[in-house]
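Single-structure report; data block below.
Which chain is which? They are A, B, C and D, in the order written, and residues in each are numbered from 1.
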Amino acid sequence: MADLAVNLGGLAMKNPVTTASGTFGFGVEFEPFVDLRRLGAIVVKGTTLEGREGNATPRMAETAAGMLNAIGLQNPGIEAFIKNHLPPLEPLGTPVIVNISGNTLEEYGDLTAIIDQCAGIAAIEVNISCPNVKQGGIQFGTSPCMAADVTKMVRKHTNKPVIVKLSPNVTDITEMARAVEDAGADAVALINTLLGMAIDVERRRPQLANTFGGLSGPAVKPVALRMVYQVYKAVSLPILGMGGIMSSRDALEFIMAGATAVAVGTANFTNPRATMDIVEGIESFCEREGLSSIQELIGAAHT
Amino acid sequence: MQPLIHQATVLNHIEVKKDIFRIQLVAPELARRSRPGQFLQVRVSATYDPLLPRPISLHHIDPHEGTVTLLYHRVGRGTALLAQCKAGEKIEIWGPLGRGWSLPGDKNVPAQSVVPIYVAGGIGIAPLLPLAEAWSSVGNPGILLCGGRCEEQLVAVDDFRTRGVFVDLATEDGSCGHYGRVTDLFDTLPLQGRQPILYTCGPMGMLKAIHELATDKGWLCQVSLEERMGCGLGACLSCVCKTKAEQEGKVWTHSKICTDGPVFWSKEVIWDG
Amino acid sequence: MADLAVNLGGLAMKNPVTTASGTFGFGVEFEPFVDLRRLGAIVVKGTTLEGREGNATPRMAETAAGMLNAIGLQNPGIEAFIKNHLPPLEPLGTPVIVNISGNTLEEYGDLTAIIDQCAGIAAIEVNISCPNVKQGGIQFGTSPCMAADVTKMVRKHTNKPVIVKLSPNVTDITEMARAVEDAGADAVALINTLLGMAIDVERRRPQLANTFGGLSGPAVKPVALRMVYQVYKAVSLPILGMGGIMSSRDALEFIMAGATAVAVGTANFTNPRATMDIVEGIESFCEREGLSSIQELIGAAHT
Amino acid sequence: MQPLIHQATVLNHIEVKKDIFRIQLVAPELARRSRPGQFLQVRVSATYDPLLPRPISLHHIDPHEGTVTLLYHRVGRGTALLAQCKAGEKIEIWGPLGRGWSLPGDKNVPAQSVVPIYVAGGIGIAPLLPLAEAWSSVGNPGILLCGGRCEEQLVAVDDFRTRGVFVDLATEDGSCGHYGRVTDLFDTLPLQGRQPILYTCGPMGMLKAIHELATDKGWLCQVSLEERMGCGLGACLSCVCKTKAEQEGKVWTHSKICTDGPVFWSKEVIWDG
């Protein structure tokens, strides 16, 4: 059998398949369907320094082959996460990646300092791209300077692998990737959601209470894949690719575009077993193609 | 019990009234695991459009036959696709999901000294039938108060009657039963001195009115809430409602309708906000 | 019946429905299905100063609820257009909008000068956003300065209504809209396609000969709608909205978001009668809602 | 003749060989308007995924019965959805599209002094049947050379035989007919002194080989090309191929397969590039 192990900027994963933050809860929600031990890593819901209640409802709207969400980072706060939600994951042996968001540079620093002390957390995914919160979030993700500042701040507080998650709502994704590479990131994750909206024609009002939301799902895959392809060319950091991955073929497209690992997001909602199906599908593809290691496929679509 | 993914075979599927369908599915493991008030996620399409599954309540659970039945209103694209499923075809569902109604014998719910009152608005009647079956099986079938815009919206009422439930109806256009709202029916309740326990599902406005009535009278009241759902598993946080916070220093919190509900004690819910 | 007439920056349209450049050929291709007289306007395939053969094939790939195209502006050139393709449209009485692209500022000027002389052309749509050509195109569309320069150049050469078509592949669409407003545009059109790609997993190669292509269709609608909503807030120019409009409800969403007129693109491929269905659907919506004029709906989703 | 949108009823639909389906549609107006070598756009889904229609050739045209027949290979999502259509259901199609084959009596194509040779690779046989029917109806049924990877890929061959066509087969695995390629069959052609006119549809490699053979021998040759299509109407420019330019100073131009083709004289096409 082909060796599926990959290394994402210092994080050893037994296979390239992980979960997209915010679509897999704290992991246990999927235990009835998924053998969490078989995941390359688990990325949990975005956490903040203090707990948050998020936005008003409706927070979600379905669109053609996609969905809009405007959750607004509802989460119990980092301390409550470590106390209540991390312990069930630790015995699994699957690396846990915590996705963090801050309103200010300092919050990113404080969050990192807390996580750095926590042996049960394997890596940090830095969300500089949440479109659904008023402060911070997306501003950090659309300016190369601010993205670099956040990255440096996080870097300063930890030696754990730092994965910076980029926003697709930018003119030039490679500029953002270069900025965070230079600032000391170990890997980049892309893409977060595309900013979108939907209108209820009967009520003549936006469907989401928050007006705008983040678009995810198969609809965004072509954009995500293009960005992974561009970033692979532009930087030497490993890439955690995501955006509309529904099947193992989609995952393989991202790997061939240059992703070292992939995250499964919206697919968890349409098929709670999606992550397992994708791990198995990648395994059988490698077997069929007679590969000795998944490494042979990373970036294979580049000439 | 833990939810599972089921490939269920459609046993029969009929349009019981205009745009209201009843579908019976062979899903033995699901039927064994489910309880009244829980729901399923139903995949309505094999492609990515529409993308998400649709939450539908369990309307009848038959562990012996190994079937479950759903009752649903065709309102949009997803339910329209579901309506096209034919007997013999397979559909993918996962469940049981959520916490169901408090049943006779559960905490705070004595089986005999209370009278269960089911208050249904429109298709909200769907999850109330298995609840009535549970009460009926302990010899206390209770009362159904059922409201709708017109006669066409009243369904499944006879299924309650055959379980011994006393039924009273109201329609806003007077086409059937009392001419008015379901809340009016409380004026003539045959309580016979017992303490009512209210169970209700329907439009938000109705739920709120029932909650206020229950608060006034000091009756227990459970509501089954709806919100758009991404996962149905407590993972995406799409489906929240405001509830009273247990934590100190906090007035309210966002609870997940899919896993903390869909059934809540009405007094836990924050109704104006 | 409600009055559907709108005015798009000086261009009078009998109803708000037109066609998206590149999806409706030169109009006559749809004559078997569509009464071209019933369109608010016809926007023809993008033209350039000299004729072009475009990119190699495959030029198209289907994606979830969308498609990628990398046509590369194949067209016979403006002179051939005026000589061969415009005459059949003139007797219709439906305004013809010519979509233009140049490699250089000068080319935009020269194209405009030619069009300005041509009585049969009612307005100019300036494409500064084509993702599928090596030179010009997208660069003009991602820099506010260059977009303004193109707009000024076109403005200098004509008094016909100038509609500048914006690229969605930018961090801040409102900045682009403001730039072209200040530079003298009469209206903005948005969105052009989102840059995307698809990979053929079996061949481990990009599906399109050109690697990248432009994503269109229902998949992009949430992004397009959000941008129309944002631009409506930011500028006072009328907006020609497009991106995934498949039905009259979609068109109404764009109008409520702030579009004065809408263009139907990819929908022409999935239903050659789409434009007619949309005109009729808008008519009956207005009737049902008892509107005296479509104007009441423009921007109605804004608080 | 101008294309139209048709809501066609499926009359019958069978899997003639593994993954190869024949579907007969009631579409009187379409049957009246169509000619051999033209194609349709077929909507395979009522939702937005898959989004685009699929181009499929006319395999049989019956203006008297008012039906058309398609023969197609289930290769991906679109054709898989099409394969699920049942008799009695309606599907949306538009056509006829494109320019068909040059028929007996058309410019450069005398009805009797030539022998039509149909060269089919795999499912490329589909558009050749109505052509053979046209030749057969003028008493000159011609010859079918049909190739495929294996016996399983050879379909519709008997339909040519019943029209009086002389049939010769080749398979790459030798499971049926000559062991080798369809081009080998030219060595033993029963031409009886008449000038052949070649008509071919199949994989690009085969088309090119046939074109080269025709050029060598000085025979007329028409090819039916394929490319991914957006509109099928000449509007989107997705479907081009390189052809020799008529315009002065230009070597080649991009022709639209959907409206300038799908049938081209092979000498018009630029084969290397």
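What we mean here is this: contacts are C-beta pairs under 8 Å (C-beta built on N, C-alpha and C of every residue); 3 or more make two chains touch, one makes a residue touch a chain.
These numbers come from a predicted model, not from an experiment.
The set of chains in contact with chain A as well as chain B comprises C, D.
Matched by residue number, over half of the contacts between the chains of A-B recur in the interface of C-D, chosen from B-C, A-D or C-D.
Per-chain Cα centroids separate chain A from chain D by 47 Å. With centres defined as mean CA coordinates, chain C is found 34 Å away from chain A. Between chain B and chain D the centroid-to-centroid distance comes to 56 Å (mean Cα coordinates, whole Å). Chain B has residues 48-50 in contact with two or more other chains.
Among the residues of chain A, those in touch with two or more other chains are 64-66, 217-219. Taken chain by chain, the contacts link every pair, so each chain touches all the others.
Put simply, chain D touches chain A in their complex at residues 48-49. By the touch criterion stated above, chain A contacts chain D in their complex at residues 64-65, 218.
Taken together, the chain C residues at the contact with chain D in this complex read 22-25, 29-33, 45, 53-54, 57-67, 69, 71, 74, 217-219, 246, 266, 268-273. Chain D contributes residues 2-5, 43, 48-53, 94, 227-241, 252-254, 259 to its touches with chain C in the complex. Interface residues of chain B, counted against chain D in their complex, comprise 45, 47-50, 77, 81.
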